[in-house]
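This report concerns only the one structure given below.
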């Protein structure tokens, strides 16, 4: 089992003929993801890599293939439009990889997606993977291993670092989700914690946070209230200077609510085992499995 | 019993110090409606007629008085804003009397009201009355009589005409609702039919329709499917020339769906007894009570 | 309020919708000079609020400025469905490769603006709807979000398989939606939207109706009203804040409330009469309104009798009686008047009427029967 | 991207927000002539991206044009929190009856623009929040509907009991919301919003931050960036599409991904070192980025050693290795480099590095320990 995606997931790739879209579609196909359709307006009727039909619109793709997950690789200017389109076509899970989506666009996208009962992961995220079953996005498949640890993270490569440690120590993952570091995104830590808690095939949860905002504090409060499975956590940015923006991750320290110290304290108060270094994940998980 | 309002309803009047608002507030007070508050920005702290406190905002009025019904007498330019305000303050029933509200405003007001689970009656309507208990709007109280006939109508004075006939023949009413004739309004025939059907103290329903649109046809379909109580109906505008707009009632014949003949046929197909003249209401109701 | 094509064009062009150059003329020489300026073959089109202008001879091709002047000469002053043509629009004749239809209407059922598009343009959309409904696609726009890019492109791809043309059409739909919402339209229509042999997408017509409720806050739009294109009595009524529609019968009607006014007309017909008008004096009971109403109705020579049907609620029946009294003192009313009034201040009203030798009925049916009998007796 | 006060003012005034006249000057004589034009007593304000300008002596009153020139003379070239003042704003000094605060920020928690207003203006809003939280009112605006009239008036009535002033302030909030949404702001703030003794409501300051993601589609806003007000190495980095922040330590860091970059800095500190920078080369693996990154890092004289920490996903580690090779062939790097790389095309990358006599580690902790040891050995 897993959360959000599994081997039955039928994926449509929005922007399949673009540079990033085509590269990662090949990777996903290789991994075994059921990529059933691609969308590029004006290229409807073509076939990608001799096996994936391309459509002009997501609605056409859904009608023809029954796609139920969408992944978006279109440039920032069109990313919000692509999310609107996927939600409007009735796709229940939309994963937006695109980095640099204007935040103002997201203020309108998010309620639209919610009104339709859909889930958006991202934007500006690496996507998610259920090892051995389906990979949607850009997380390298070779560093993952099927298993029973659920992982949720605000960052990309830091996730890989941690997953890599787990896999090298034969600790497999049920699903790894990169929720993205943008200030406004579709899926929160809490959404993933709830899903992992409710997933019978996840035994332990690893949560990778960052400075900025209060998502980690809220997640800690949720853990206290709802999560009975062991949780291991990390906060990146302990040495970041206050008030500076650390790259696209949107890690802004705003006022007193967003420092690493505060987040770590919240984790500890919720009995979340806190890693000092990424490599600590192995020992902390092993002690709790 | 009744629908939407009864003697426990606590009314706030938006625009209480205006010409129409003050006139009708006096009428409503006389009738016995619990007018608990008025709203006119900048006049907060005043008292209307020595007994109704005036507030700057609906939120203030609700907080201070627990008002749960609002009636709006503000001019067209501010009417949409007044509905937004009432819905935002958590008022569950909003009655907008104002005539001439731009339709484009209503396209935004209606989803806002619905998202908050509130009901809007109107705009451009005479309001509603539960005889002997509460009157909200401008329906003359003296022509009404407590009883067991529910009445719903798209027009104002035509409603009075019919209610007057009923009352003169000692046929009382549970509640009379004027839903208004604007092209986009908050409460439909169907909403009222459902409420009357579910009201244990309504035995029969009178429905007064007009040419234009397809609300009456939809209502007839709903009667067939859901309503077990007898229904008596009327359609105004049988002699109206096609394609002309008959005043503010918004009675526009659009294409083939909106003529009186079509609506009457729909009523008959739904076993709704159709009056030829307003006065026929008496006989048709008496036969069915 | 319906706009003329040339007025709709101005709104469309301001929003960036590609349309041929051109201008409006009210004389043949103006038409000729517009034709000279735009060059080549032009179309001269009658500007009236009526469909079927082409069939009525109100649209003519002209191959030279002189021909354009001659065409304008013929069209100006022409009567189309009872309306006299006061202006013509002169635009370059476009080479047309295909014709589509794009309309946007305020829809009661969905309570949203609804797009209706069809690759079968240039003809009446009702005809397309009746004969080939599969050639129409509809889309209700959520006003909270506006027309979204994928929605516009989806509609456009239904019209044009070519992606460049579809993108151009999608842009036009976005512009049309802007025109619609920014001006409080109840209708905004392009018929036809054409492609040229070079592949450009161009709007060749502009049909726009504005919600009357919008005009109070938009004096710029209110100025577009062309009163010369309307029934003079209806113009007079609107200025007096009355809702009035002239009909063909002989029983003049003065009623308060649109529903009751329609029911009154229906009852006149039911008892064998023919209403001469729809007239709603509205909710407020200003005696002046009654004076104006009587002035308008008595100016119709067909009217053989007048029926007042007033149910007083907000309307005070004594105000109506006073208005009637004032009117009769100001100008002669040569036809019989039957008055029914009931409701607010009824006793006072009856007294006023008695004072001028009139009686008032309280029953609507009785009043209608009486006025019909009067008219029949007079005939 | 933070705007200068004079730039924010331009946006506010274009939206109709009442603000005093005035202009920006980069020389004392310009300041003097602006003071002459606006007349009366003026305020001369340093235009730098730093708070506490007043305390630092960057805001001065001037009673005459000559005084304004003298004040500008003193302020221009001054250093405030390490930033050199290049421009001053000269505005008429306003008579102030009361000071309020109105701010609008993009809020992560509600995922909406949130208004924050307080009748206690003119001071730091964080101070108000800490000491008198009851003097702050918040309102999250639903972007599907925009700021509704009653919401604006409700906030304004919290600031001003007088209805005329409240209506004026409500209008300003609506204009501020327009500025915010039309320009993709993350912050738009008026502090103070003042009333004059005559009762007018006027904005005396303008603080605006624009979402960096907005700049690609808004070249007009991108032009507002004042690179003279930034750390030169950060400007250089941004031009090379790198996210770079200069810090005080001596271990240069080249990392792919913001989270991993922060974790790398943390680990450097964990093992006793001090990072010299945050640097994210991003997802794409263009070798040029590595060259530029090295150029920027090596220009910092504090840097004693450089750590590469690359986890190849989209980033191809062989591209990084090639970039490193190119950089070393183009300019000398005089400090030791420790490379950790793993993931996509790792074997190829290791081969390339071996070719230039370098070794690559695959473990992050080992790499960090090693670079810290190198730095300490060098110290």
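Each chain gets a letter, A, B, C and D, in the order it is written, and its residues are counted from 1.
Throughout what follows, a contact is a pair of C-beta atoms (placed from the backbone, for glycine too) under 8 Å apart; a residue touches a chain by one contact, two chains touch by 3 or more.
Keep in mind that what you see is a predicted model, and the values were worked out from it rather than measured.
The pair from B-C, B-D or A-C that reproduces the interface of A-D, where over half of the contact pairs by residue number are the same, turns out to be B-C.
Contact tally for B-C versus A-C: the pair with more C-beta pairs in contact is B-C. Seen from the Cα centre of chain B, the chain whose own Cα centre is farthest off is D.
Chain centres here are Cα means. That of chain B falls 28 Å from that of chain C. Averaged C-alpha coordinates put the centre of chain B at 55 Å from the centre of chain D.
Chain centres here are Cα averages; for chain A and chain B they lie 50 Å apart.
Shown for chain C are the residues that touch two or more other chains, namely 144-145. The set of chain A residues that touch two or more partner chains comprises 108.
Taken together, the touching pairs give a contact graph of some other shape, not a line, ring, star or complete one. Taken together, the chains touch in the following pairs: A-C, A-D, B-C, B-D, C-D.
On the chain A side of its complex with chain C, the touching residues are 41-42, 56-59, 78, 81-82, 84-85, 88, 108, 112.
If you check the complex, the residues on chain C that touch chain A are 145, 148-151, 153-154, 157, 163, 166-167. Within the complex, the chain B residues that touch chain C are 20, 24, 76-77, 99-104, 106-108, 110-111, 126, 138-140, 143, 153-161, 164, 181, 183-184, 208, 210-211, 213-215, 218, 234, 236-241, 244-249, 251, 255, 276-279.
Residue ranges of chain D in contact with chain C, taken from their complex: 144-145. Every residue of chain D that touches chain A in the complex is listed here, in rising order: 106, 108-109, 111-113, 126, 129, 142-144, 181, 184, 186, 211, 213-214, 216-217, 243, 245, 247, 255-263, 265-270, 275, 278, 280, 282-283, 311-315, 342-344, 364-365.
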